[in-house]
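To start, the structure itself, in structure tokens.
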């Protein structure tokens, strides 16, 4: 398919909410119109809008003022997969493939290509559309920052601000009341938010999935601080952190949800043990949804704008089936097939963990 | 007792952590030294410091740089009541009166008066000391802002910022995912934080102790919004809110704690009901300890400074047994005996509730 | 005129920009529609819209999302006075009275009353309309907080945040470089911003119009600090501050402007003198327009919402020629005639100045 | 020189103030002590402390609590060059080399190596010390982010926040008053702050040293917006921006100062021209010193901590004469000789400028 045919594009957001989505949408719309004279349709509520035919035309006015706003004007969900769409049949749920129907619809609307802003799941679906010949460009979205194909994704810096601010706030209460304060943050498979917020907020202990911990080592650190006259401690724990030899602790799973395990588990599960072994009042705060909200930071606004503009450029250069990514300070592209499912984990021997340990932070591993 | 004898004073903080405590301490110390040539001793960890003889001398350097810092450099707790101090005797706990011993100690240290910064409990203890003849001045502290003797107390404005910021953050997620988001904030007996953060954050429903609600009325509001194209709703609920004819919902009480019911209850307890009756995904965030932390806002720094300075002035004017308060923009004094236990509740017919209802906020009462 | 006739109202904003204007407009529109079933017209660009017939109908959707936004969706200016409107005639400017024409226009549009949000100038014009029989309710706006009829006005708290934040930022540079840093803030006739930001930011010297200063006293304070090992000083100066026996320093006046003297003067004018007499590098920052911008603080959002809602209520109660005000924590009304031109100045013997002096701040007066 | 001899190190900060300096110092001290058992001396006020023998021993307590604080506890200046130190001789200033004297002093104090945190000037001096055989490790500091050897330096992200926040604030005033607002930011040789804050803040025009502009092109953009109903414009201008064929505009140079040209020039110099050619009220805000202050952002706190920890590691690995840098997300080292004086300029054909142009921002060049 030659790029010459691209005259009208669709854009959608899939998966969990993330600061910077609106800034990406704005850049896609403005670049498409200003730089390439395209028309842009916004598809509502992720792939649901493709299935249920919910579109809206976007012009420059539609995206005016949304740069600093969190969330997505298009709505989002991760419930709807066009290739495996659940339908009730004789009282049972069967999964049907709606993709041909959707592609036919897109053609009827004269939409020539899709820009998909989403996580692993949404990008994989995008890839499937391109496998069937429909032009797609991906823009990676993961607030956990755990995608190996890109150095960093938008939303992470904003979540980091929120988490660091929370540590700053807990610090004063911990200090005044001589308590152990535990802050549980996002990070199911990778501990980036816990690691970076912990360094930035001056935490005493950081627990992440990549470095299994023991309660004994955590308590040793707390007692060591007490012996040195520091009568309080701050622990930052990623939701996916686990004990040596243990499983991930998940308090409650809500299926079919955009953020299925965000209900807190590990934080509460270790609080009592720590209270006992340290002899100090211990309190847990689960940051939860607050990490996904708020106005994006300058860094996230800029990265989102670059992603959006460069995704349209990549589209016009015919790089279908690719997604944009940040590598060594430059926006590049990479095949979606190579990018999804490749987790970017915290390297235990990297310079961030080295720096954290050097300033006295324990990872509960020794 | 004439003021002429006041040469050395003690200052202590009691009860839960609150932004502005350090600013009060700083103002007490600087005013005492700069304006009146006094000496100041800081008593550590609330009344515990009086019981266990833990003091530290404070000079101008001791309080340098603490104005913008949350928490209290003196430490705080509300576990220790000198008049009813628990002692183990033959395996049982009996309560003894340590006040004579403490007053004797204070005299030995040549401390002529105490400035007590605390809530109802701490101020009542202060009054008991003055009843026994030991000079005391109180400074009211209640982050819930529920003391009738003063128009406003320090810490409230900072908590309001934190809660409003949380609503701003939840807004974008609610809107993007078409959800009902519930934010549970402090306010056991009075709903000031919920009311004011709800107005400032543009909430759709505010539930407070002063206005009992029904789930039906809450759901009616959510459905009404849905019918008008607003596919999300934000509910702010004070921890002490209750249903019409119902009791306060308390999930878990940790006795002997500075903030015994801060563990969330009402938020979670109504979430499922709302999910069912509205047919919308509903999520709860419990703000908890974050509301007590952080750098005080300018308003709180100023009020704290005024309180601290005027408390020392009141002491030198011999107004023992009084506490400072803000009335009609001026700092005044009032007898502690008249002030404690008089709750300042949200008047359901006041102009704040009127304004909230006028901009379309439901209180779940009609 | 009976209130029964009020069916359609107009709302306008006049004078300089101020955080909270949009929140007031939102509350006026929602209250008028939700509570009283009125129609609302927004008049564009202050009284200019009345003169040039620029209106727009406002419904609940028009004001959706503007609560947290600074500025005014209606536009504002203080150039146009309908009673003294400048017209070029034979090469000369003559001033004509457009008020009859405007009232006729308003009647044609079936607008029964006006809500005017503005400062002294705009409210005085409003009063003149009511003197001619056209119903008007005023809402006071003065970022300098210098109106005696109300305890506080919206916008001030936000400006205070901006100024305090600036002092926090200058502190670190002053300290690192051993400098004197001067921050010039708004406050032509009253020094509220300088006084309160100075207290909240921990300034060393505060210079305000109400307390004339001498350079000698300022330098004495700086040297005193140096002698005590504090090798830097922060000075906050209101634009209207003046030396003992001196005049207000105004660098450059731009006539016909909303903020005619906001160009800095006193700050620069004293910097060299201070550099000389203190022997320390001295730098000036003029905060200027930044003080008028930004998202309103929670306090300002709430006060704006109360003002807007209560102004419509006052209108429906027939309190024409009155403005709303905050007195002793409640919204009340007062005749505009009694309110304008009555400056609320900083009382040099009030508890704020006492508190400031007690924590060691010099006003350059002794 | 073998690393075995390093037992005691010195650390100093040179040049202009920058957010994150304290976080670097903290990481250096903690890493040196915790990881390598070294002793650390802080050298006061840049190279001045070496010349005037002003040192202080730093332990873990000395750096407690400084992570979130702007500025430098060591003081800084860029006035003193040990290799060219000005001395008055017979009424004339002659420059003498104090380096041998300093090295002798350091040896007497048993300080085996220096960690120098500074800009081009300070790092060059560090290199000269290593040229003479005294072990030195550099840590780059440039708030303008214009050093080619490193992807980014600490302090820039914080300055970007301050500048973006200022644009957000000016936006509302510009919009309400139908004005052109000009914000002058730092960036003498490279326009990174103007470029990134301009993108993040949604500016309409960005003027940077790398892309010379014409007033005509700027005014064309403003008129174009006016024609599209946008009655205001925001211009962000780097202090080093210049017209096509023109020189850099410098209002006033204060020699021997840490930030010699921070007094505004280009902003004011273009304001009148723009007012004339656009016919719109135009106002200038010079952000100045505010950009160097404030608590570092999480990103800057983390980068500073990594720099500090890795600098000590590099020292212990014997990489004398090198400085740490960030390259492709990892901390590496590079010879100071290769790093200084190599400016990292904004590439006019990079993806940031492309993205900016794509969302409609003019650089005044076409």
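When the chains are written out, they are named A, B, C and D in that same order, and each has its own residue count from 1.
As a working rule, contacts are C-beta pairs under 8 Å (C-beta built on N, C-alpha and C of every residue); 3 or more make two chains touch, one makes a residue touch a chain.
In this text the structure is predicted, and so the values were computed from the model without any measurement.
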item	value
Intersection of contact partners for chain B and chain D	A, C
Centroid-based (C-alpha) most distant chain relative to chain A	C
Computed distance of Cα centres, chain D from chain C, in Å	36
Interchain centroid distance [CA atoms averaged], chain B/chain C, Å	31
Chain A-chain C separation of Cα centroids, rounded to whole Å	42
Numbers and ranges of chain A residues touching at least 2 other chains	168
Overall pattern in which the protein chains touch one another (line/ring/star/complete/other)	ring
Every chain pair meeting the contact rule	A-B, A-D, B-C, C-D
Chain A to chain D touching residues, read off their complex	26-27, 30-31, 34-35, 60, 67-68, 151-152, 157, 160-161, 164, 168, 196-197, 199-202, 297-299, 301-302, 305-306, 308-310, 312-313, 327-331, 350-352, 354-360
Touching residues on chain D, where the partner in the complex is chain C	13, 16-17, 19, 21, 45, 69-72, 75-77, 162, 165-166, 168-173, 175-178, 181, 231, 257-258, 281, 283, 285-286, 288-290, 292-295
